[in-house]
Amino acid sequence: MKIKPFDVFDSAPVLADVPLLAAAGESLHYLDNAATTQKPNAVIDAISDCYRQHNAPVHRGLYDLAENASQLYETARRTLAKFIGAASDQLIFTRSATESINMVAQGWLRPRLNKGDQIWLTRMEHHANYLPWQALCRDNGARLRIIELNQDGTLDLENCTGLYDASTKLIALTQVSNVLGVINPLKEICAKAAGQGIAVMIDAAQSVGHMPVDVTELDCDFLVFSAHKMFGPNGIGALYGKAERLNQMEPLLLGGGMVDHVSQCDSIWMPYPTKFEAGSQNLADALGFAAAVNWIRQHDMHAMHAHVTELTQYALDSLAKLNNVEIYGPRDAEQRAGIVSFNLTDVHPHDVGQIAGERGVAIRAGHHCCQPLMQQLGIAATARASFAPYNNRNDVDALIESLHAAQALMG
Amino acid sequence: MKIKPFDVFDSAPVLADVPLLAAAGESLHYLDNAATTQKPNAVIDAISDCYRQHNAPVHRGLYDLAENASQLYETARRTLAKFIGAASDQLIFTRSATESINMVAQGWLRPRLNKGDQIWLTRMEHHANYLPWQALCRDNGARLRIIELNQDGTLDLENCTGLYDASTKLIALTQVSNVLGVINPLKEICAKAAGQGIAVMIDAAQSVGHMPVDVTELDCDFLVFSAHKMFGPNGIGALYGKAERLNQMEPLLLGGGMVDHVSQCDSIWMPYPTKFEAGSQNLADALGFAAAVNWIRQHDMHAMHAHVTELTQYALDSLAKLNNVEIYGPRDAEQRAGIVSFNLTDVHPHDVGQIAGERGVAIRAGHHCCQPLMQQLGIAATARASFAPYNNRNDVDALIESLHAAQALMG
Amino acid sequence: MSNSSIYKDVLMDHYRNPRNRGDLSEADIVRRGSNPRCGDDIDVGVNFDAETLAKVMFRGRGCSVCLASASMMTETVSGKSKTDAHQLVAAMRNWFTAEGATADDRPADNLAALDAVRGHSARKRCVMLAWEALDEALEIE
Amino acid sequence: MSNSSIYKDVLMDHYRNPRNRGDLSEADIVRRGSNPRCGDDIDVGVNFDAETLAKVMFRGRGCSVCLASASMMTETVSGKSKTDAHQLVAAMRNWFTAEGATADDRPADNLAALDAVRGHSARKRCVMLAWEALDEALEIE
């Protein structure tokens, strides 16, 4: 079954830009984009170019190569900051979304979280946005509260009594669920929280680079994301914070570069963002990160997002036609990002994933680092297909065929 | 003044392997290797090859690409572990030496450091191996003790009363000073500490990859290093720990992959090394890191080390011939790594660095993240030249010429 | 299905027609193996006759690899001495973990179908779950 | 010395023959600027005549850029009103920080020699040290 692409977006040029996929051709249908995305040449080249032409210590040297490295690093910071509507110095380079969240938990909330205070999360949070708060609540005697979900996987904001109470110190939630694909109504939550002086931290690991994200518009206190989930390199991520919050926040890592004055008993940190970037800067990956942003801009994020939405709808509709399938989250692709979780009755998701894999369809099977959600759904795992602009209908068709094969083999 | 290389080692093939330097030719004399090293093609290619051929989530996927990524990642871990004489699972990938040290400080020592306990450091520690312990002592009411230096920059182990007392919980020290170049007598210290049950953490950021380092031979409890200082990529480092210590140690970052079971109130971590690698693994840089090790092996670390030692002696001798120069640390290159700090009387080190830089000689000027040492020396900064196997006598000659120029301009 | 498929006929047979799967209420000892990562959850029950494993049974849920491996395990160790069974578990662990292990290192011939799974590190825990539970039931240091 | 050298003649002249460097014991107000990163340590002293900066002096240690900039600063602001001096500091800050600033954006012509330093972000703090100390001495919100 081959169908001509029905939307105006042509994914072929995007695919041609991504050497791993271009080389694999029809032998690989990469649908594990929510785990990590594949990389365009522009990103790979930015990294090698860095090592071939620009490599030098950042913010430390007086010779041209080092001065140039410092400037390239700060230009990358500006690119990233602008992309999410932030002031340049409020964009901190971290190692990952995971580190960014832990920085907020340890550096900002820990010193100001008291016994009896509340932290609110949602049922759909990734372990990265669950475990740091769980540990903090245990240590400080605070309460971990959960916004539960409606039947269709959206947040049940009606029944979370106490969400905006004075005892709530932070609401930490994801913009897009990496299991359900659901997009959460952040503006509403941020606005209400701001009214009560409650800080909001947004896990934007699944949204930045895939849909417009603007911290000024959202008016959130913190926002975190990872380069590798938006066509950028491994090993680098970002943390945005409001100026006031960054001033209050203590660094997670202490070391070179982040300190102004060291004396026998005490030390004085540099202002942000420097305070939060202890150790030698990751120049190559910062340049790769910025190259990813420029690549996204060049291909038009809105067009790519629309394409992914259409592909998601096609996948939802195709899956719904299977027998014995359970699909999680809303059926309307407009309400979600390009992430679809499902299960086949009586076929373990690991077998679904393995059988699809043997047929060149790369999907994910497991709890997706969302055990609290799995427990609520009463399942151990799901299979998950997740889409990127370089995917097309053939990938969805191959997925569906592999599911037929799984049912035939295991049925 | 051109002198034929006097040693058997030919640095030309090494230089030819390093594209940034090969392209720059005589226009750049890169002598800032203690800050960061330049990268051979093998490392750059390992990273691009990863993104072009192997990129996939590590330890998460069931399809071939993901399985292969997991295996490559673990092979890289084995390569690194073997290189320092460690068991594979005791080598933890971190973001940097800085992060590794903070992990030990927060995860291992913090819960077991009591009021009245002591942490011993040395006067020559980098801020990365100073600030985390300073903060910990302040928080826990422990005492920060310093092993002072002899006149020649070596450790004064005679006059550090109480070093091996029962109240000492940790000795954290560098293998090589990034300012003085001094190599510390670690085996002696580790042996004495072990006799008293005192843990020793070694900052090997300046030694691994440049001289033989074997954790079994040293019998240290922890050892940390960074890829970018040993011809590897930015953004990745390592932590070695004894099995018992790693079992005791709590993770610094909580998130995906490091947890086995999550329940409402509590969670169960995976065993090490997984417990310490929260978040998506940095596959590309792990492969680049392993490629650096293989490149070092291929060029014979012993031969490269001997070459750097001879070059260092040549630099020490050449510097000593200048008027109005102060050289820090021992005059005998056998006692040090390829790092030489110095000052010209009445020329600010920033001007030395800038003038050298304008002449294509890349050296570092500043406190080198060693303010406690600078305070002891009674200076604000030094100029520092640091050598790698791709350097040769021409680089030293160019340095000396630039110092003559600085004296002429500023005199 | 490609040649490198892990779904060999023998494996599928054990999955579809598991040996010794059933009620454990009569077992001398029951040990649980659980892998929250994928929701596999297996109980292994053993009846001893002095130092011999007279009967080995399992029950629980899991993926095909996990259940087939459990079934094969019960077949392989039934009638063996405690010491032999313990050594079989060690040999299984080694077969799935050791660098350079080959198909020939399989602890027993009726496990040959699991060879195709060895290349898949993500499935190691699925394979070993029942074996590790057995090892606990043996209570050998 | 290459054309892009930061060591222009005017800068070297200010370094070798600093203007208004000396004793600050008669100053109405003294403010310190210190940069532990490179050991620069400058005191700036001001004598006011009503709203005018009658005399501006400095003393301290630092690299050539830091000392020359301090010297130029004293020359530039002496005789200016508090408000003008404050605005000059802001203009300096902008000249060294703003994206797209050019040589033409220099706050005063006698600062032209500092243009070559602008490309060197590592030296920005050296240049600004005396200016920031002055700004504190002005005590304008």
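First chain written, first letter: the chains are A, B, C and D, and each begins at residue 1.
Rule of thumb we're sticking to: a contact is a pair of C-beta atoms (placed from the backbone, for glycine too) under 8 Å apart; a residue touches a chain by one contact, two chains touch by 3 or more.
Bear in mind the structure is a predicted one, so any value in this text is a computation, not a measurement.
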Handout entry: Inter-centroid spacing, chain D versus chain B (mean Cα positions, whole Å)
Key = 38
Exercise for the section: Averaging only over C-alpha atoms, locate the centres of chain B and chain C and give their separation in whole Å. Expected result: 46
Completion exercise
Note: chain B sits from chain A at a C-alpha centroid distance in Å of 32
Fill in the blank from the handout: Residues in chain B with touches to at least two other chains are numbered 60-62, 66, 261-262, 350, 354, 365-366, 371
Fill in the blank from the handout: Residue numbers in chain D touching two or more further chains are 36-37, 120, 123
Exercise for the section: Chain touch graph shape: choose line, ring, star, complete or other and state it. Expected result: other
Practice task
Pull out all the chain pairs that touch, please.
Solution key: A-B, A-C, A-D, B-C, B-D
Practice task
Over in the complex, which chain B residues touch chain C? Could you list them?
Solution key: 59-62, 66-67, 70-71, 74, 260-262
Fill in the blank from the handout: In their shared complex, chain A is touched by residues of chain B numbered 19-20, 23, 28, 30, 32, 35-36, 38-39, 43-44, 47-48, 51-57, 60-66, 95-99, 101-102, 126-128, 130-132, 134-135, 138, 144, 226, 228, 233-236, 252-257, 259, 261-267, 278-285, 350, 353-354, 356-357, 360-366, 369, 371-372, 375
Problem - chain C partner contacts - residues on chain A that touch it in the complex - result: 348-351, 354-355, 358, 365-367, 371, 374, 379-381, 409-410
Handout entry: chain B-touching residues of chain D, taken from the complex the two chains share
Key = 1-2, 4-7, 12, 36-40, 62-65, 120, 123, 126
Practice task
In the complex, go through chain C and note every residue touching chain B.
Solution key: 36-37, 119-123
